[in-house]
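All chains are identified by letter, namely A, B, C and D, in their written order; residue positions are counted from 1 within each chain.
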Amino acid sequence: MASESIGVAVIGAGMAGRAHLGGYRTASTLYDAGLPEVRLVAVADTHEPFAREAARRYGYRRAETDWRAIAEADDVDAVSVVVANPLHREIVEGLLAAGKHVLCEKPLAPTVADAEAMVKAAEGTGLVAATGFTLRRSPAINGIRQQLGDGGLGRVQHFNGHYWCDYGHNPGAPISWRYRGPLGSGALSDIGSHLVDLGEYFCGPVESVRGAVLSTQVRERPVPLGTAVGHSADVRVSEEREAVENEDIATFTATFASGAVGTFSVSRIACGLANSLGFEVFGEGGAATFDMARPAEFGFADSSLPAATGGYRQVVVGPQHPYVAGGLPMDFPSVGHGQNDFFTWQARAFLEQIAGLDRLPHCASLAEGLHNLRVLDAIVASASADGQAVTVQ
Amino acid sequence: MASESIGVAVIGAGMAGRAHLGGYRTASTLYDAGLPEVRLVAVADTHEPFAREAARRYGYRRAETDWRAIAEADDVDAVSVVVANPLHREIVEGLLAAGKHVLCEKPLAPTVADAEAMVKAAEGTGLVAATGFTLRRSPAINGIRQQLGDGGLGRVQHFNGHYWCDYGHNPGAPISWRYRGPLGSGALSDIGSHLVDLGEYFCGPVESVRGAVLSTQVRERPVPLGTAVGHSADVRVSEEREAVENEDIATFTATFASGAVGTFSVSRIACGLANSLGFEVFGEGGAATFDMARPAEFGFADSSLPAATGGYRQVVVGPQHPYVAGGLPMDFPSVGHGQNDFFTWQARAFLEQIAGLDRLPHCASLAEGLHNLRVLDAIVASASADGQAVTVQ
Amino acid sequence: MASESIGVAVIGAGMAGRAHLGGYRTASTLYDAGLPEVRLVAVADTHEPFAREAARRYGYRRAETDWRAIAEADDVDAVSVVVANPLHREIVEGLLAAGKHVLCEKPLAPTVADAEAMVKAAEGTGLVAATGFTLRRSPAINGIRQQLGDGGLGRVQHFNGHYWCDYGHNPGAPISWRYRGPLGSGALSDIGSHLVDLGEYFCGPVESVRGAVLSTQVRERPVPLGTAVGHSADVRVSEEREAVENEDIATFTATFASGAVGTFSVSRIACGLANSLGFEVFGEGGAATFDMARPAEFGFADSSLPAATGGYRQVVVGPQHPYVAGGLPMDFPSVGHGQNDFFTWQARAFLEQIAGLDRLPHCASLAEGLHNLRVLDAIVASASADGQAVTVQ
Amino acid sequence: MASESIGVAVIGAGMAGRAHLGGYRTASTLYDAGLPEVRLVAVADTHEPFAREAARRYGYRRAETDWRAIAEADDVDAVSVVVANPLHREIVEGLLAAGKHVLCEKPLAPTVADAEAMVKAAEGTGLVAATGFTLRRSPAINGIRQQLGDGGLGRVQHFNGHYWCDYGHNPGAPISWRYRGPLGSGALSDIGSHLVDLGEYFCGPVESVRGAVLSTQVRERPVPLGTAVGHSADVRVSEEREAVENEDIATFTATFASGAVGTFSVSRIACGLANSLGFEVFGEGGAATFDMARPAEFGFADSSLPAATGGYRQVVVGPQHPYVAGGLPMDFPSVGHGQNDFFTWQARAFLEQIAGLDRLPHCASLAEGLHNLRVLDAIVASASADGQAVTVQ
């Protein structure tokens, strides 16, 4: 890497790809510490107009249609990989071989074996090889994490979390790639993987999972007349119907190596909830809660207050919490932020890590992304084994 | 039963016993329909001063120290049994044999065998033999239940619930009977039984449970110098410590015969949450949420609203919901109510059932109380079998 | 008064009258301290069936149709007056002359002169002569009040409150007595009087009001075909319309003698809000908030917490707050309560005051009820004088 | 203006200036419609290091220390003015004379006369001359505004709003320019001006204000040992104290030309509330609420729902609301956003307006900024005239 500047590129110009593109664009405007200059170099997408339009909008110099052009580019140092996950392995291996720092979207790969290969490819390279668990970039989630250990939460005893979306609630929404593939590749992989990562963010590695139920409630869906894009249900459909192959709901319990207990509840058919992530962390010293509907706040309780005026408090993330002070231009408490800002902070953390800085917490490694997949695999195995406990390898 | 009046008695004058005593006292003031006269006859408690004081405060004619005096009393028609659950079987059998209608607190008995005997004792008597699942008396919970079936929720797909209390959070709180007894007799039996009942209230019978974790996080507690009463932690303790025998946390998943999926999370060590019950009911047609912190409201979503002004609505239980109109004196929407009112509505429902009326939903039967125990047993079995699915008999 | 017992009666058997009837019935079941025996003696209502039915439901010995029968009854010691306020003066004067303790509903009278006469009538009698500001009986509101002075709030700097109802929102709701009478007799008198009382409960006497706007937004309403009862809009109406004479909205600012500032916002046409009362109390030391939608909680902030985990806390009223411990049977934190319980606590406080006890805060005196009317008068005067400040006498 | 591109500059590199700088940087990445290329040209600040650092961070070509350099620059078409408001007039007049489009921060000027001159300067130029009422850019606030008129709210009857901050709550916070200047230049000018603008955004022009109280509760503050920057209270102070000259609290009522009524409550000493803006809009057809603590949502009620499942709904701003769809990269409902995004949308709207596009609502004009000042002047006049109504000219 040229220490004077970092050239960045993004492979994949869909919605999440654009979030990465915007993230790098804004990342260099945060804080005043000495991040090297960030050059916005290239966007790659197999669909050329997408690549070109994204490059134009986000101010990147070049549009490419083949990821190899990125791997081969001398002016690129750091690359986000934001394409369908069956493609991750080849691209990440190629980029690492070419000496690029990599930030790969989750889930890392369709199989544990693929992810193991990716981790292996990164070993010994000295490159930053990261997994994009964006939700870890929530200032509120970080505010809670600061309370672990010697903080107010003490040893965690119980993690309870849900991730509920409604994109599949309408049974008339057309069949698409989301509804195809084996059990475990539905709601569990799409959104449950985030929740598993957060559980491990607070409690350390999952030791075993049990009681997994992967349930397909909407058993068939209409075949679209055109191509369904994104989560959209606005597509005209035919009278024909196809079977849904993977799960609408995933729920399971877990034990963590630390001794904590976990309860997980995931659904893509939760009526009225576009994007509802929430969890509780109960510890020996206190408890904290998070709800994505109030992204700039978290709940907190401990035993420090007199009973007459004590209670759960709503902590507004302000300058005392990581990320906020000196970050976005308006940085006083309660101006708020959204999930797009998570991508900005993620980009910033990746860039800082490349530059050897550590203002922000480091990105999850590929190894953490691999472990996440191992937990998902164990969940599928538990579901197949009548709920029996399956140890995570 | 004398059709002109109903004589009531309560066995047990502790906190919950007083709630029953108050419930009968107020029940007859609700609504204007033709409930027979309610006579407040007797209170029994082995501790005589408790019985006498309770009779005085709640206006009952007699105080007794032996439940048999209630069973033998000609002027008593209906009896609440609110004592430690190992005593339930003998008392309920005795009362039924004496021709009394019985409302027995949950959990019905320490063992399924005891509860089976109780159900058998009630068969063919023509008496009302009910289990006190008080939470079913929440107007908001009933407002949600009205939406089942042809209502807005449609077929239920997923029930997700928690019941979290903090009475055991402080590890310095003294050991007591609550912390003794086998796995399953801790948080699961105390508060989890309510949550299981609510799951079945919305989804019908649980078919199998799996993934059960019964976890004791606070492994020992100090021995009190005096006698610990109620949930109190205000007792002086010695330096000696005793092992906690049963679970602080109980979590598991379930499948219902209807095809719905369940996620359950129960704890008695949830810092800062004195009494937090909440659940979500996700159905084909819509979804509903309940949180005990807002007892007079429930959340509701369906697909009937335009996107620009649609969203989860906070439904304030008003005259359109069961229980409210014509009940408590101030009966317009949003005057609110608390859990003590649940006991009043429960008493009213029990009395109406005895009188052959049915304005309010009937009480849970002893058979439902028995089924609840069978589910709890299956949960314990699943926990012992490494989380494997256990079918509820 | 016979010191061994207190005989109670209620004049007026409408909704609020029933709330008083139920209040006395339950009041004696609270707490274990030595309240004399409470005898439920009589209900009076000019509509005889109402009186009789109320006596039956709430367990009072006699039904009367003339309040004088109450005044003359030797077995009655304490009387609630819950009739239309033009009748208050004559009845209260008569009761006081007959040596009865009186609890009169607010607003005390249609004119300040009437209320002055009532206060005068009570002077020197040694009787308890109280005004029924029921909202003062909210445990949460009391929990806030405990924080005044040396408590966490310190000197109050600003009181901001609203009371919004929707009973008049539908312009098709029929004309009734509520919509007739001079400006000031509409939303201001009906619900604004409560808010003014709460302002004074926290800040002491209002010194002057200013900027009053009394606005009639729904200028005419249909004439009902039958008689409109209560707030109901379910009545069939004719094509004829009549002018609404008094205000739908009342808003004004105030200064308190203490130096605090007040903002008041009152409406009876607030769509979707059946009964929304809320306020903020900002003090030198901290701030508190209340919202009737969460009746068993209040918000509280001060500067005592570290920024990383500090914030507004939601204080659940528990045993540490007045009213709760030892009161309703279930008395642990967060079981909740509703406005009907306010009437029970009010009845209890009135009875305790008669008995010379003072566990609960005393009732507002008639003099406080008079002062409330003087503030309302000043508001009307300010509205007539183009908003100019009017000093409260 | 060169129709192929727009060159932008920002005068003032403080916190709000940086928000403008970032806004322009991101604005061009939103939506795919044909905005001309946006060139980030220059930052001016009298403190040269500030200007240079801001230019570096936000990617602007030049740093200047004199605004005249911006006015004279051929490659600048559009300029944000984000300096102390006594400097606004001269700069805006100069920029307009030089043919630049101008976006000036609010409050427009220290006096109405200055603002009148500014409006005059813009007349006939054909340039976009806008006032920066950033809060109008909230998607939720826009979602509410869409419901005016034929929408669900119908004619507005009552606007009730508050803006409460706590930056002055600590009486030990040092004196600064914020606390100096005549009554009206304190909380009213700083934050009240936003609330007045929002009132007019929903109800049209204020006709008269009344009952204004401008109250200084913290009468003196310590003199800092150094220079206080921003809102900070972290500065060491001397023992010396100086009088606070302007108001901590501003409250008043208003009538709008439309017939609606207004209640306004503003404070800079509201303990625990860093930045609490909230309001209710009550209309003939429905009602809406907004609370900055939940920036991506608004409350809404109308009469369209059955009573059993109806209630206030929490509307999450999604693609159906202005601003959201196609804007920030992640654009599905509930990803959320913060106040920094308001600046981006404001910049975008200003640029679109210059380009003759109108996807987003236009910026407030200088004339609207002038009217805002006239309302503030009337409020001050009402406060001086004992609360009497003052007509806004």
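Operating definition for what follows: contacts are C-beta pairs under 8 Å (C-beta built on N, C-alpha and C of every residue); 3 or more make two chains touch, one makes a residue touch a chain.
Quick caveat, the model's predicted, so the values are computed rather than measured.
Number of steps on the shortest path from chain A to chain D, with steps defined by chain touch: 1. A centroid comparison over C-alpha atoms places B as the chain most distant from chain D. Centre-to-centre spacing of chain C and chain D amounts to 40 Å, using the average Cα coordinate of each chain.
Taking the mean of the C-alpha atoms as each chain's centre, chain B and chain C sit 34 Å apart. Each chain gets a centre from the mean of its Cα atoms; for chain A and chain C, those two points are 53 Å apart. Of all residues in chain A, those that touch two or more other chains are 297, 302, 311-312, 316, 318. Across the complex, chain D meets chain A through its residues 15-16, 18-19, 21-22, 25-26, 28-29, 32, 53, 57-59, 230-231, 274-276, 292-297, 316, 318, 328-341, 343.
Put simply, chain B touches chain D in their complex at residues 143, 146-147, 152, 297, 300, 302, 304-316, 318-321.
Touching chain C in their complex are the following residues of chain D: 157-158, 160, 162, 164, 170-171, 209-213, 215, 217, 248-249, 251-253, 255, 259, 261-265, 267, 269-273, 280, 282-287, 301-303, 311-312, 382, 385-389.
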